[in-house]
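Just passing along the structure, written as structure tokens.
We call the chains A, B, C, D and E, going by the order they appear; numbering starts again at 1 in every chain.
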Amino acid sequence: MIVVERVSRTFPARSGSVAALHEIDLTVAEGEFVAVIGRSGCGKSTLLRLIAGLLEPTSGTITVTGRAVRAPSREVALMQQQPALLPWRTALGNVLLPVEMARQPRAEGAVRARELLDAVGLAGFHHRHPYELSGGMQQRVALCRALIQRPRVLLMDEPFSALDALTREDMAAQLQALHLARPATTVFVTHSIQEAVLLADRVAVLSPRPGRVREVLTIDIPRPRSLGRSAALPAVAECVAHLHDVLAESGDD
Amino acid sequence: MIVVERVSRTFPARSGSVAALHEIDLTVAEGEFVAVIGRSGCGKSTLLRLIAGLLEPTSGTITVTGRAVRAPSREVALMQQQPALLPWRTALGNVLLPVEMARQPRAEGAVRARELLDAVGLAGFHHRHPYELSGGMQQRVALCRALIQRPRVLLMDEPFSALDALTREDMAAQLQALHLARPATTVFVTHSIQEAVLLADRVAVLSPRPGRVREVLTIDIPRPRSLGRSAALPAVAECVAHLHDVLAESGDD
Amino acid sequence: MTRIRSAGLPLLGAVTALAIWWAGTVVFGIRPFFLPAPPDIVAAFRREPAYLLREAGSTVAVTVTGFGIAVVTGLLLAMVLTAWRALERATLPVLVALNSVPKVAVAPLLVVWLGFGAQPKIVLVVLICFFPVVVATMAGLTSTPVELSELSRSLSASVWQAYVKIRLPWALPQMFVGLKVGISLAVIGAVVAEINNPTGGLGAVIVLSGTSFDTPLAFAAIALLALLSTALFYLVAGLERLLVPWARAISG
Amino acid sequence: MTRIRSAGLPLLGAVTALAIWWAGTVVFGIRPFFLPAPPDIVAAFRREPAYLLREAGSTVAVTVTGFGIAVVTGLLLAMVLTAWRALERATLPVLVALNSVPKVAVAPLLVVWLGFGAQPKIVLVVLICFFPVVVATMAGLTSTPVELSELSRSLSASVWQAYVKIRLPWALPQMFVGLKVGISLAVIGAVVAEINNPTGGLGAVIVLSGTSFDTPLAFAAIALLALLSTALFYLVAGLERLLVPWARAISG
Amino acid sequence: GDSGDSTENGSDKVTYLTAFGAVGRDAFAWVAQEKGYFRDAGLDVTIQLGAATGENIKVLSAGQAQFANVDLTGAWILAGKGQAPDIRAFAAVHQRTLVSIIALEGAGITAPKNLEGRKLGAATGSVNQLLFPGYAKLAGIDESRVEWVNAPPAQLPALLASGRVDALSTFLIGARGIEKAAGGRKSVVLPYSTFLPGLFGNGLMASTAVAQDDPDLVRRFRDAALKGLRYSLDHPEEAAQILKKAQPTADVAAAVGEITLMAPAVDPSGAIDRTRVADALATLETNGLIPPGLTPESVVDFAVAPTA
């Protein structure tokens, strides 16, 4: 469970400080899947980094699985907005990094890493280095790295932004299957309203500068939501339209 | 005008070479707007880098505005898949880079750069450095940099991938307006089928490994296509559905 | 608080080092002739303050002039060598070989050729700190990330533009490694030259007070040298902070 | 073709340098006593090949041992200093100051303390090449891109893991700048030590043949030294190619 | 320039190199400067600090200095090798070599014989080592049982004081300084000249070019320098003070010590006698330090030497 209470974050800078987030409140229940949408620059990545313990809030408190966040924890996996792959490791080696960091047996980890890489469509690319991969391939490697530890808390920052429409649907379906099989408490930042509606239990809309929670919409569509078919459901269309409107109102800089 | 004739490109590597593109043929007429879609890793970025003169084809020939491509030309602007901003320059300084490289008057360039930055919603961020900007903001700065020279040929590699749905529509509308006012020969790589249909005169679908042109679909929807409204048109829906199918057939690795 | 720490910690380090040294001379009963204790050195300094400061000034002048020349020529050479790799392959080995010729062996030759003025000393400083500047700058210039060099090429940048606007700024953090090592070597080079040809400078003080068995005076000169070298090093480090603030911002 | 060039260009450079030197001695009529021409040096080498090679071997041994120690301790120190910035602020100035103490002034003390064996020579080599290794490694270790250090932190890496798996590999290309400068300095350090305490090595050959006015023999030793230094430099450069192929792949 | 350039007031600009840094044995040059002897002789002298014999000869030969104080024995050994054939002596400062064995009292070295089985330190490649076989033979030492240690000159006292070597082979005039370095322990001095009386110590040298182009310049310099030498011997304390004024690193007590210790070996006339030179060359020859054939004329320019 994640509890964000009255959290603000300001970035100091010579050319004037930027208030990225202002008194954010957000609660994600155990095993819940919350999507976060908002305009570019409204503070979504900042929010994830705060929850992950990479940044300290200027004010307010954050608790994750009952403990106040002071530093990153092994129970929380973060998939950053950039792939952030180690250039000297192969795709497989990059996926195995968290296994090594947690000092778990490499052999078992490697089996799972190969399964994950195969599942995201990188079957022939296990032994390629990041600079031999396309942008979307790098992102999928980063996705595997976030998933390999089966974390209790999963934070994902636009995990599918570099993927084409079809691969994206594919990945979303797999993510949903994983989530249904073993629900991790998930915060999923995305730019696609559709994706948010199809994956999430609830969708939080942030408004920009400073970022505030504008609305949290509960999505009451039964799972599993097959992305191809469900996308046509009137309930989905309604949610998407509503969120679109909220987003549009939520401020043009 | 861009003519790509029987172009193949293979990447040699110790762990086996990768055939990224195989005998590609593609012609983009003067002032035409062609969108390229295809699964992640199918060779879209490679194609753009070949046209831009950054890579040499393994075989085949490419001509741009009548001349065989040997090296990059000032008439061609490329927006890369990564923002590739200079960390020591502000947003404004980054946008002005092409002006300086072309040894054009900085003052005039600065006026236009400010207009562009304002237009993409970065009004308050002219003097921020890249590391003070969110991912989507960085991408918009890179977009401005590609547009500032009013190039005759414009190559864009997933220019809106880091942008939220609304900003994306906004940017697409502005790009369309610019294109209608002063048509540049454009190759636009995107992951969004909708975006491709709404912006392009023709949409080329690449199939993966090795990349081949699977189909080129002409979009006969009158312009200007207001993205919000046109999106609902049956013609658009039909094109999107068709492309979706082609893409889906075009091979799962 | 941060202000206090930023001045306090280096001071603490210096004081600790001095204390260890002093304690060492006392505990092991080392005579000032071999290794003077800090008070001996202070006494020596107070005996000849004006002389020592004048000679320090002359060492600084030689050091800074030589370092300046080495930086400019080293930077240019690194640019030329990285722009034409064939040239690099042909000349870098020769440069490495020349660099390894012991400066102590070269110093007398320089006096024979250039006489007793400042010239041979400056030349020696240039010779000694040229190499790290070149190696570090070359490493920096060849580390431009692919996406930035593709950007530069796609903008049809001339070789000069690519260097001035992209490769060189990117190389600055690495270049400063060469500059920091170089400035320390420059001081050493000046001292080696002055020891060889003791017409002035702290090197002359060291060698001459050595011949008159005045070890405390020699160490006073060495202490001044250490201070001077540290000051120059932090001057370069300060320049780095000033010129490449972005490098700290994009790393963590 | 590329094979021929890769051997041919350095050879061309070396031959050109030799030609310039030779022409210089002929045109300016320089006597071998001041600067011998290449044939004089070859003659000197053919007079004493076994002796020169034996002494070269002893110089290599001192150089490599000292360099190895400097690399290991320098690497560890750089890791410690970058892990605890307060420690860095306290000790780096002292390190800079110590580094500037002229090695020529230290050499006598080393002999007094450590005698005439290889020890004081190795210590001098360590002292002289330690600093560039530390400075370059520190620069490399503090240049980890933000996204990678955030990755490392988000994985709750221990300090040791962060260094071994992320920061150190990332620092390698910069560290090699320090190693390349360091190996050249190590050779110089060995020679300075041998000149000071000429019990063996090429430095002893230089100083002894210098005092007996056998300048060609001194230059034969210097030439061997240059060869040796170049070989060691390219050995380090080769190691770099082997260990950090990815660095060339992500830059261009 | 070869023979010195003239300054506006008509005096000749010349550069002079001391024998070794700025210590008592070289004080006379600064005395000549301070007392105006050079100026009176129409000379504008720049005094540079010299290094070892070989370096000084190179500098003379290259024309970077016109005159130098050099160890004559060392210089002639080099001349025997055919090196620097264009250098000539024109006055002797030390009529006999000051090279000695110096040990500390209580180290058990009181006679040459005690050196057997001991470590002997000397400046790297110095003449002292080259002369030692001859000295050893005459003093009845088994030369092969003495172990030599090479070190830079400045390092020698430290080696002796720290017991790393048992004795030094160096100039006897350094004895006072060595005692100071050894924390006041007295020294034992065994001069080479006891067994090798014919050799010269330091002397003034110039290149043949200077001597031939402008013999008058050489004579004027010679007389002014020797006047300074005489004054130093008469007033060691004042000479040391003058040295200290010019070179603040100088140690007055050690300089006075050097001047008084070298006095017995100095003839202020600078006399350099042809037969004595021939003797010295013969000594070097019999000890195998030079090949036969070196004549007094090839090492001394008697045309500009003192006529006393």
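Criterion: a contact is a pair of C-beta atoms (placed from the backbone, for glycine too) under 8 Å apart; a residue touches a chain by one contact, two chains touch by 3 or more.
Note that the coordinates shown come from a computational prediction; the quantities given were computed from them, not determined experimentally.
J.: Where each step is a move between two chains that touch, what is the least number of such steps from chain A to chain E?
T.: When the steps are counted carefully, the minimum from chain A to chain E is 2.
J.: State which chains count as neighbours of chain A and simultaneously of chain B.
T.: Per touch definition, common to chain A and chain B: zero chains.
J.: Which two chains does the highest number of contacting C-beta pairs join?
T.: C-D
J.: Report the inter-centroid distance (CA atoms only) between chain B and chain E in whole Å.
T.: Chain B and chain E have C-alpha centres separated by 84 Å.
J.: From the C-alpha centre of chain C to that of chain E, how far is it in Å?
T.: Roughly 37 Å separates the two chain centres.
J.: Could you give the separation in Å between the centres of chain B and chain D, each centre being the mean of its C-alpha atoms?
T.: A distance of 49 Å separates the two centres.
J.: Quick one: report the Å distance separating chain D from chain E, using the average Cα coordinate of each chain.
T.: Chain centroid spacing, chain D to chain E, equals 39 Å.
J.: In chain C, which residues are in touch with two or more of the other chains?
T.: 34, 112, 146, 150, 247, 250
J.: For chain E, write out the residues touching at least two other chains, lowest number first.
T.: 58, 62, 154, 158, 162
J.: For chain B, what residues touch not just one other chain but two or more?
T.: In chain B, the residues touching two or more other chains are 82, 131.
J.: For this structure, give each pair of chains that are touching.
T.: Here the touching pairs of chains are A-B, A-D, B-C, C-D, C-E, D-E.
J.: Give every residue of chain D touching chain E within the complex, in rising order.
T.: Per the touch definition, chain D meets chain E at residues 33-34, 107-109, 111-112, 115-116, 195-199, 204, 207-208, 210-213.
J.: Can you list the residues on chain E that touch chain D in the complex?
T.: Per the stated touch rule, the residues are 52, 54, 58, 61-62, 78, 81, 83-84, 124-126, 149-152, 154-155, 158-159, 162, 164.
J.: Sort out for me which residues of chain A touch chain B in the complex.
T.: 11, 13, 15, 18, 37-41, 44-45, 81-82, 121, 123-124, 127-128, 132-137, 140, 158, 161-168, 191-193, 244, 247-248, 252-253
J.: State the interface residues of chain E toward chain C in the complex, per the touch definition above.
T.: Touch residues, chain E against chain C: 15, 20-23, 46, 48-49, 51, 55, 58-59, 62, 64, 153-154, 157-158, 161-162, 177, 180-181, 183, 247-251, 254-255.
J.: Of all residues in chain C, which touch chain B in the complex?
T.: Going through chain C, the ones touching chain B are 147-148, 150-151, 153-157, 161, 165-166, 169, 244, 246-247, 249-250.
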